[in-house]
Amino acid sequence: MIWQNIQANLPPIIVVALFIWVLNRSRREVLWAEAYRRLRKNKLAIGAIAVIVLYLGLVFLDSVSWQATKSAEPRSAMDALFQKPFENSYSAPLASVTSGEAVEHKLGAKHILGTDSVGEDVLYRVLKGMRTSFMIGGLSCAIAVPVALFLGLIAGYFGKFVDDAVTFLFTVFGSVPDILLIIATVMMLGRGLFSICFALGISSWIGLCRLVRGETLKHRDREYVRAAKALGVSDARILTKHILPNLLPSVIIAVTLLFSSLALYETILSYIGVGMGPEAGSWGNMIDSSRDELTRDPIMWWNLVFATTALLVLVLSLNILADALRDAIDPRLRTE
Amino acid sequence: MTEAPILQISHLHKVFGRRAGLLRKSDEKVAVGDVTFDVRNGQTVALVGESGSGKSTVGLMALGLLAPTSGEVHFEGESVVKLNGAQRLALRRKIQVVFQDPYGSLNGRMTVREALTEGMIIHKLGANAAERETRAEALLADVGMEAEVLNRYPHEFSGGQRQRVAIARALSVEPKFIVLDEPTSALDVSVQSQVLNLLRRLQRDRGLSYLFITHNLAVVEYMADFVCVMSQGEIVERGTIEDIFDTPKEAYTQRLLSSIPSTDPDAHRLHV
Amino acid sequence: MTPILEVHNLRTYLETPRGRAWAVDCVSFDLTPGKTRAIVGESGSGKSITALSIMQLLPEPAGFVDSGKILLEGKDLLDLTWNQMRDYRGRALAMIFQEPMTSLNPVFTIGNQVAESIVAHGGTWSDGKKRALELLERVGIGQPDMVLRQYPHQLSGGMRQRVMIAIALANRPKILIADEPTTALDVTVQAQILSLMREIQEEMGMAILLITHDLGVVAEMADDVSVMYAGQIVEDAEVHKLFRDPQHPYTIDLLESLPARQHRGKDLAVIEGTVPSATNWPKGCRYANRCQYSTPECTVALPPMVTAANGSLARCIRLEAVHQARATR
């Protein structure tokens, strides 16, 4: 049993280990170490990073889970820490009785952010929504970024018909409205995390691909690339060892922004009913359910407000971080 | 001289742009038209011209980095234009290049060590990392830099130092021939003299041949054995330093020479 | 003739991440109508910052004039308000830059940009257009009426520099500051632009301050020369004296390091070492660490400008010794 539990938790642990390893390695690289030093001087950025780390920590808590017995539902660390017994119905934040019912019931526990229609703790739902946002943002990026990098690099570097083909591809993809493409894909593959990520992935690589292609075009004719060719360096190595590292700063900034827009997209999809299923904890679902809560008397505002706040803080922090990265990664170093 | 030239360029043409197509007018532009010259072993041949004269394009074709539209480039008697992969790689070891811009010619994300050992790895020079390190240190010493700069990045160096690193990188594969594309044009005068001295010493010590591409006629007068003056893609005049600078025959060469400001304030030749 | 512009002890600094860099440190010179003074120096010597200090166009927000006087016909430009200074720029002082592509706005026609410089100082647009045509003709542009309707990218580098000169001349300035005006141009075009500048100077009698790194351009154009090194003028001489009989060791070394036919087969003279950092100038002579004639005495205090035997000014305390050492060599 213990062994199975460990096995089930390997993916999140590997992801976290990889993340820390990459950060740690880059700290030893002189150029990145300088960027970190400049980043540390930016107080706003430190705040944004703190928020993101807090979110990440909570996501991690929700990602490690164990089964008590073979037949039991797996429970995450987050469930153990924050899950509370259901109440009968809605209750306002910090209230002691339910509201919106003919008969008021006494609450079994304190609910800092209140409870929702089925009496579930709103704080718990907000926290559960984080993992969904990060999973969608992360997995969609994991699909979009490699595609964008690969196509952008080869299009910019080889030019000619390779460029024509890639340009054609993203012009076609770009001319289909994103939302239609996503809805069609989700309808085809069925609702669920992976089909949503796939849909978001194939609709969001275009912008990054354009950026990478343009930057590669610029670097292709730089003298350092010519000098590498003169040394006999292969095309594959020129792309991965010479051009790609020079693009990384702008790619990292673009991916940070992409991640935040994808997290936002999940909410929109849930709102129009093609997001995660209703059983999944997601901010989009919470905002969706608030549609009729807002028309009731008294207004049940807390679902909407807290889900939106959690989302807003995340997107804002990511955007601040992207901005700070732009300043930290000295543009002079990039052009030289 | 009976010795065959190390580099032979014959009837080289390069046309940029595309032919007229179904929905397109032709935007062809002749960059190089019928260029022929030789470089002999140990010689410095200067290719002189103003911007747009096609001199750098000739340099790229001599390197085999740009395919000519027609014409031939022979290096040590073998055609550079039609090569298979292995032959091309072998050629890369023999011909190297140093570019003008010391800021653009080094990869900003690579340390000096990576820049100097990359070519060695590709051409299997030096059995292991330690041996390559020793070679890299020797190269740096040869261009007048300390071994401790191996771990540094280009942005930490001045223009002159970068150009030294770029020269060391070119030497890292032990070439016989180097194309020097405006190697001192971006440098200050006092640094230029250091780099020119270095290039001359390396030529002497290693028996290198140079194709020196420049617009700076004073440098040509000092460095070159033979001069080709290019204008609008063609060589308009060629000869020794004495031929070109003392008795120029073509109107263009005369105009070019009379345009150079002299450092003699009494000369005042500039009345065009 | 009385000077039109006098610069006294100008000190300008730039705020950099590594601290305050004294890019221009106690620079003095003057300009005379109808004459050209060249400021020659290598990159980082402070020659461009000197020009920008006079125009008060220092990079914002990092550059500041700390102290000194810039007297234009006796009036200190540093006392003027921003608006007064703007009126002086263009009218009394005009400037042309190295890169004529980036100094012209790519989205406006040439005619528009030349006319604007006239309108900016109180002309009407119809006046401006008429004057623009004259000006383009004056700077030697063939078919000026066609060029008026063209955009910067349609012109060659030399043509663009001619347009820049036309704009600079629009209000008949008394002083033209030219910062590396021909560095981006081919030699044949450079020759044309330089002779155009000389022609216009003869006609309009303006003073030219020519900033350059090219000693050939200096010999060709200048009447007086200030050699700058590490933020200071190290030699101030009449042009013939500078080339025939240089006084300061830096000037001597610089002239000897020029490649030329007579040095063929021999090593060129080099200047060993590097320029000290502008954030931390040494106490004594700034050339001492690279100078072959220096003694410990040179590093004690900053040398003053000394009048040499031939009348040139040089910032060196060992002029006699240098002279003797060279004579015996």
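Going by the order they are written in, the chains are A, B and C; count residues from 1 in each one.
Please note the rule applied: a residue touches a chain if its C-beta (ideal position, glycine included) is under 8 Å from a C-beta of that chain, and two chains touch if they have at least 3 such contacts.
Everything quoted here is computed from the prediction, not taken from an experiment.
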- chain B and chain A - chains in contact with each: none
- Leading the contact tally is the pair B-C
- Distance from chain B to chain A - Cα centre to Cα centre, in angstrom: 49
- Task: Could you grab the centroid distance between chain A and chain C? Build each centroid from C-alpha atoms only and quote it in angstrom.
- Result: 55
- Query: How many angstrom lie between the CA centroids of chain B and chain C, rounded to a whole number?
  - Reply: 32
- Message: Which positions in chain C are in touch with at least two other chains?
- Response: none
- Message: Quick check: in the complex, which residue numbers of chain C touch chain B?
- Response: 42-43, 186-192, 194-195, 213-217, 219-222, 239-240, 242-243, 253-255, 257-261, 263-264, 267-271, 274
- Item | In the complex, chain B residues that touch chain C | 50-51, 158-159, 188-190, 192-194, 196-197, 200-201, 215, 217-219, 221-223, 241, 245, 255-256, 258-268, 270-272
- Query: Of all residues in chain B, which touch chain A in the complex?
  - Reply: 60, 63, 65, 88-89, 92-93, 95-97, 99-101, 103-110, 118-119, 122-123, 151, 153-155, 166, 169-170, 172-173
- Message: Give the list of chain A residues in touch with chain B in this complex.
- Response: 30-31, 222-224, 226-234, 241-242, 245-246, 248, 332-334, 336
